[in-house]
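Going by the order they are written in, the chains are A, B and C; count residues from 1 in each one.
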Amino acid sequence: MNDTSGRRDFLKLGMAGLATAGALTAVSAEKAAAQAASDSVLRTALDRGKLIVGTGSTNAPWHFENDAGELVGMDITMGRILAKGLFDDPTKVEFVMQDPAQRIPNVTTNKVDITIQFMTMTAQRSQLIHFSRPYYVEGVALLTLPGSENKTFDKLLANGSATRISILQNVDAENSVHFALPQAQVMQIDTQANVLQALESKRVDAAAVDLSTVRWLASRNPDKYFDAGKSWYSMLYGAAIRQGDLDWLTYVNQTFTIAMFGHETALYDAAFKEYFGQEPPPRHPGFPVI
Amino acid sequence: MNDTSGRRDFLKLGMAGLATAGALTAVSAEKAAAQAASDSVLRTALDRGKLIVGTGSTNAPWHFENDAGELVGMDITMGRILAKGLFDDPTKVEFVMQDPAQRIPNVTTNKVDITIQFMTMTAQRSQLIHFSRPYYVEGVALLTLPGSENKTFDKLLANGSATRISILQNVDAENSVHFALPQAQVMQIDTQANVLQALESKRVDAAAVDLSTVRWLASRNPDKYFDAGKSWYSMLYGAAIRQGDLDWLTYVNQTFTIAMFGHETALYDAAFKEYFGQEPPPRHPGFPVI
Amino acid sequence: MNDTSGRRDFLKLGMAGLATAGALTAVSAEKAAAQAASDSVLRTALDRGKLIVGTGSTNAPWHFENDAGELVGMDITMGRILAKGLFDDPTKVEFVMQDPAQRIPNVTTNKVDITIQFMTMTAQRSQLIHFSRPYYVEGVALLTLPGSENKTFDKLLANGSATRISILQNVDAENSVHFALPQAQVMQIDTQANVLQALESKRVDAAAVDLSTVRWLASRNPDKYFDAGKSWYSMLYGAAIRQGDLDWLTYVNQTFTIAMFGHETALYDAAFKEYFGQEPPPRHPGFPVI
């Protein structure tokens, strides 16, 4: 047993306390199996010895294969955080590839313990599944070229109707862009690849895409892409679990909260840095604002 | 189906994804009926085809009839947000008029699915019902006259014992005022109407009333009332649902959270502007602070 | 009945409303017993007429005996907040002394209704019990001497490798100190008492101990200790209750939330001041950020 909380508990308990805490954690999985309601996914997963996560493999930076062919991404990290919490081992997780359309059905039919797949929390979906607490807030943002004179949001805004923005075609595209850039020209384009291509070929000044895409591309390819520094239109991303399972819902929420605000932030923070090129805001001990 | 999340999902899924998302939502109500625990209010409401909300009609800006005789207010909007989430139609809700004393009994006896009626979250009440997450934080604030020399809090404070404050009579009135204005003279008055009348007739410099009342009156009648710009004494307002119903509790909490922090803020924000004359603070995509 | 919410409700309901609210609260315990699921600890505690809290007595400022021999501390206050919410009487609580190793077993075997004992929220523990919302965020901080030239964090940092820090010995001690003071010399010491002794005898410039310890010692003995003003490494402290008990979990969370963010903050704030020498950050009425 070698968990951070054990390491830290010495500050109050001393070495004797550390030993006790270690012993306590060692029997955790065993006791939890006896403890959690027999029909809880928490018990099923502990008994099975691994977690089953429904996700995808084709959407960086959320879930994708890296150059070494490994499945990685922010969604994958959230799954590993749960596996580490359950088994003290972030590798004890099986990722099941599923189409986005299967994100809810695979949860309600128990094919997966949880779906973690860039899923926007909506009231409609909440009729069918419980969402975890949000682990990221997606938004719309502006990707520009690092060598461009108009690479910052302030310039794009100041240029008024001379500013051209590419965006994937849809009924709401104009409104979406004009929320932040009221006078900009909007070019609706058929595919995401072509939205970026319009930027690269300088037919537009900026591409309006997901904030996570902007952060991913701009941090990975600083010579090629720049984050104009403006985002809007929050969308909460949450994991999906089946309804009626208090123990599993509470477990997932508390494990995510600890991983985002507590002493076990190493995995979350490393992923945030890797995929978004940023540090999460500093957490402050003392009065809990969460 | 024409929900905002569908409109936005194009950014990651493209038009094919949009079609899929639409199909998924179209079967939501049907599947949810099969999904939620059979005794959950979530299922009852979906099966019924409308939501039943207990509330009142005589307290602006929370629940009241507008000049057109329509029931409106911040509480009413929170009910419509739930109806929109359940049925993609904010009108599929029946508002049951109830006395404040019936706010809890009508929930525990299943006369209403939920009470949304300017209800302060207290530990005593939480013995009997579950509260939703807070949707507003009430406070005490100071209403002044726009033409008054001492219309701002700083002036009221600086004038010390010369400042006169009207407030509804009660055992805690002196303490409540002196928390913010330690030296002020406190005039306890028998009715809320007379508390305001004392201000209008200039017998006092300010009336200490609910923050929501100050915001409502000052934003609707800027020629007549002014918000002195100070509020204190937080009281959390939550909706009340029956105990033991995890699916309904989670549904209500997640729908409120999405309406306050996610992509579906249109109804909440419009109401906040209409009833309090203010924009909610901006939400920032990225790391979730909620 | 003389609760704060009753006192405040006059602002919207007038004196008649106050009387109604009083009547409502008077029957709370009785109705709650009928209302909460029969196997909920909420019902058990209400029926019993007192709350049973597992805690300790030897760790200031969390749970300890004061000079008058009374059990006091931040953990004790959180128990009294629950008792006040249940019985309108903060004394209707029995504190059961338990070893830290019994914090979870005494909950899972129903020996106590809740454990409140400086317990770090961890995913491992969350397999066995539900944590409440966090009521404090512990951290590592630096205790210095008030007369020292290098009593502030900036000075300790600026002095680089000349700065000496005492800390309880453990495998992570070096990393823990170097996170905040990368060049400091780390002296690992066998007991907490000797960690402080090293500071008092000026063998080190600062002692790295829990933030709560720093706040407690520096606020109680300002002539002897100083808070260098830096803390890091957040650890969430939560109360522990048994799994599967939605009514009790919700009750505890909402009562803590009201005590930390609502109108009933008197007990929490007094304890925060007493044990940490600080005021909690101001709460702002209006849009709820919690």
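Everything below uses one rule, namely that a residue touches a chain if its C-beta (ideal position, glycine included) is under 8 Å from a C-beta of that chain, and two chains touch if they have at least 3 such contacts.
Since this is a predicted model, take the numbers as computed values, not measurements.
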| item | value |
| --- | --- |
| Shared interface numbering between chain C and chain A [over half = same, under half = different] | different |
| Rotation angle superposing chain A onto its copy chain B by C-alpha atoms, nearest 5 degrees | 120 |
| Chain A-chain C separation of Cα centroids, rounded to whole Å | 30 |
| Set of chain C residues in contact with two or more other chains | 246, 289-290 |
| Chain C residues touching chain A - in the complex, by the definition given at the top | 59, 100-101, 104, 108, 118, 120-131, 133-141, 168-172, 176, 191-192, 209-211, 231-236, 243-244, 246, 249, 260, 272, 276, 278, 280-281, 289-290 |
| Contact set on chain B toward chain A in their complex | 3-5, 7-15, 17-18, 20-21, 23-25, 28-29, 31-32, 35-37, 42, 46, 81-82, 84-86, 88, 246-247, 250-251, 254-255, 257-259, 261-265, 283-290 |
